[in-house]
Amino acid sequence: MAGAIGTFIAGMQYLFSNFSEFLSLLQRHLALVFISEGAAILIAVPLGVIAARYDRAKGPILSIGNVAQTVPPLAVLALAFPLLGLGYRPSVVALFVYALLPVLTNTIAGIESVDENTIDAARGMGMTENERLREIQLPLALPVIFAGIRTSTVINVGTAYLAFFIGGGGLGSWVISGINLFNMPQVMAGAVAGALLAITLDLGLAAVEGRLSDSGVEMTQSVA
Amino acid sequence: MIEFENVTKTYSDGTTAIENISFSVEGGTTTVLVGPSGCGKTTTMKLVNRLEDPTDGVVYVDGTDNRDLDEIELRRNTGYVIQEIGLFDHRTVGENIATVPELVGWDDERIDERVAELIDLMGLSRDFRDQYPMELSGGQRQRVGVARALAADPEVLLMDEPFGALDPITRERLQNEFLDIQERIDTTILFVTHDINEALKMGDRIAIFDVGEVVQYDTPREILANPKSEFVEDFIGEDRSFKQLDITPVTEVMGPPDGEYASVIDGSDTDATTAADGGSGYEGKALAPDDSVKNALDRLLRSDTPALPVVENGEVIGVVADEHIRASFGQRSDAQRGAA
Amino acid sequence: MLSSPPSAPLEFASSYVQYVVENAGELIELLIEHALITAQTVAIAAPLAVTLGVAITYNDRAATVVLWLAGIAMTIPSLALFGLLVPFLGIGAPPVIFTLILYSQLPVIRNTYVGLTGVDEAITEAGRGLGMTQRQRLRNIQIPIALPIILAGLRNAVVIIVGVAAVGAFIGAGGLGELIFSGIREGDTVAIVVATIVVSLLALAADYTLATVEQLLRLRNGDDIERKVSTRLVWRALA
C-alpha cells in the first residue's frame, strides 16, 4: 500500500515535470477517442434505428454484433496494421470499428425493448412511423442507447492506449515505454490521466443523458 | 356509424381470428362485443381503425369502406383505449392526454384547456397532470387511458376491456362514471369486454362472440329474454332473471298510483333515494323512475310495506308491489313461449 | 484485377493453412496458456464477485460504493495496471490474473445485485410466509431465480477476460497475445489474423458454453425462451 502511494506521488511528480509532453500525449489521446467515438455514434445510432425497423436485418446484425464483440481489442488494433498500415489514422479506424458495436447493439436492443403495447397505442392514435420513432421509441430507448455509448466510450479510452503498439500515439506511449524501461512513475502518470479521462467522459455523458431524457423514466442499468 | 359486412380476418401465421362476421354500431350508441378470451374481440376492434385489415369482407366507417380512408387520419379521428392501456411512460399524464391534439396541430391554449377539462371529466385530481404514469394506481392509469382516447373529440371510440384489470369496486365506479360521460358525449362507441354483466350494463346493443363468430347481436333485453342458443344461455349464466330485473326500469312494471295500493303509499314520503345516487337507498321508501326492478324487489323484501311508490319530481306516478314484478315477468315468459 | 489468376484466393488461403499446420504445436500451447489464465481468473473472480454482490444486497450504501469502485476499476487502462503490478507481483501471469480479477468484478457484482434485488417481492414474501429464514430464502428462492442473470454477467466478464488477457503477453504472461505482438513486430499478417481468430474462437466458445448453461438455468426456472441448439440437446439429454 505504501509502495502504491509512493508510486502514485512519484507518478504525479513525473507528470508535472513533463507537463508539456503530457499535454501533447493527452491531446493525441483525446483526438483518437473523440474522432473514433463520435464517428461510431453518428453511424451506429442511425444504423441501429434503421435495423430495428427491419425484422430481417435485426437478427443478423445483432448476432454478428455479438460475435464481433468477442474479438479482443488488441486484435482489432493489430488487424488494422496489415490492412491500413501503421500510425494515427489506422488507429482511429480500428478504435472506431471497436466502438461501433456496443452502440449499435444497444440502439437496436433499446428500441426493441419498448413495450409492444405502447407502440400499439401510438399506432392506434394515428402516429406515423416517423412520429412513433421520434416521440415514443427513441425517448424510451434513450437510457439503453446511452448505456451503450457510455460503455463504448470508457472502453475506447482504455483501448486507445494500445494504439501506441501500431504507432497511433497517445497516453499509451508513457505506459508502454514506462513498462519497457521499468519506469513506474511514468506508467503511473500515463494511467492516472486515462482513468480520470474515462471517469470524466462517463459522468459528462450521464449528465447529457439526464438533460436529454428529463423524464420519469427510471434509468435502467443494462443487464447483460 | 360502423358496419361490419361479412368480415374475415386470418393472420399471416394462419390463425383465423374472426370469420364472416356482420354487425353494425349505430351513430351515437354503444355496442359491446362480449365473449370469452381469444374469440377475436381485439382483432375486430383493430379492424375498425385499420391496425389490421380484413382478409375478406368490408368494414364501413360512416358508409365508406375504411380501406379507402387515410389510415393515419382515420386513427386520429378514432379514440382507442387499448387493452393494456399502453400509456407513454416517458410523458406526463398531461402530455399523454395531449398526444392526439398535438398530432393534429391544435394550438397550445386549446390543448391546455382540453387536458384540464378531461382531467376533471375523468375525476382525476389536477395534480396528476404533471406526474408520470408510473406513479399512478391501476384505476388512475385506466382513467388517463380513456382521457387520452377522448382528447381530440373523436367521432368513434374503441375501448378494449378498458376496465378489465381493475378490482370490482373500482371497476363499478368507473363503469358508472363512464355511463355518465357517455350521456354527455355524442360518440359512437365500440366496447369490448369478456364480462357479460359489464356488457349488459354498458351496451345499447351487444354482439356475443363465440370463437371467431357473432352468435347473437341484439339489445341487452332481447338477449336476456331470448337467448338464441345454448352458448348464449350458458354465457349469460344461471341468474338470467336477476339480470333481466337489473336492466328493467320500474316504470315498465309499475301499477297505477290510484289502484288497490293507494292507501299503502298514501302519505309516505316522496323523497326518492335511488341506489344509483350512491346512498344506501333503504331509508326512503320511494323509487325513482330509472331505478331497476331488481332494486325495487330488494327494497320490497327489506321493507314492511307491500308496495313502494315511484316518484318523479315529487309526484307519485305509480306503485310497485310483488305482484307487478311477478306479473310482468310471467307475461314476458308467456310471450316468449308464444313466440317460440 | 482482371489479370489476377483464378488461383489467387486459393493461394491466399493456403498461406494461412500452411501457417496453422506448421505452427499447430505452438498455437495449441498458447491457446492452452490463454485458457488457463482465463480459467484461473474465473475461479477466483466469480466466487468473489458473487459474494460481494450478495453482501451488498443487505446495505444500499455499501451497494453504491462497491458498484462505484468496481466501475472505477474498469477505467484503469489494463496495460498500465499490468505494469504497475510488476514491482509487486513480478512479471508473468500473476499481475495479469490480478488485473483480470479486478476487471471482471463489475459485470458479475452488478448482475448479482440486480438479479437478487429484482426478484419479485411477492415471491420472497411468500417464502417468508412459509417460514423460511433469510438464509433459506436467499438459497432456495432468490439465488435460483437470479442465477441466469448472474450467469449473463459472468459471460460478459469472460469475454472481457479473454480479450484483455491477450494484452498480458506484453509483460510475459504468455497466451495468444504473444503471436499478436510478435506479428506486429515482424509485420507478419498471417500470424496476427490466425491469432485473432483463435482468441475470438476461445472467447466465443466460452461465451457459448456459458450461454447454454444460462439457458438451461432459465428453462429450469420455467422461462419460455428460444432455445439454442446446444440447449436443446443438453436439455433433452438431461430429461
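Residue numbering begins at 1 within each chain, and the chains themselves are lettered A, B and C in the order written.
Just so it is clear, a residue touches a chain if its C-beta (ideal position, glycine included) is under 8 Å from a C-beta of that chain, and two chains touch if they have at least 3 such contacts.
Since the model is a prediction, treat every value here as computed from it, not as a measurement.
Of all chain pairs, the one linked by the largest number of contacting C-beta pairs is A-C.
Distance from the centre of chain C peaks at B, each centre being the average of the chain's Cα atoms. As a whole-number value, the distance joining the C-alpha centres of chain B and chain C reads 58 Å. In terms of their C-alpha centroids, the spacing between chain A and chain C amounts to 19 Å. Considering their complex, residues 115, 117-128, 131, 136, 139-140, 213, 215-218 of chain A touch chain B.
Listing the residues of chain A that touch chain C in their complex gives 3-4, 7, 67, 69-75, 78-79, 81-82, 154, 157-158, 161-162, 165-166, 171-172, 175-176, 178-179, 182, 184, 187-188, 190-191, 194-195, 198-199, 202, 221, 223-224. Contacts from chain B toward chain A in the complex involve residues 46, 49, 51, 71-78, 80, 82-92, 99-100, 103, 131-135, 148, 158.
If you check the complex, the residues on chain C that touch chain A are 71-72, 74-84, 86-88, 110-111, 114-115, 149, 152-153, 155-156, 159, 162-164, 166-167, 170-171, 177, 180-181, 183-184, 187, 189, 192-193, 195-196, 199-200, 203-204, 207.
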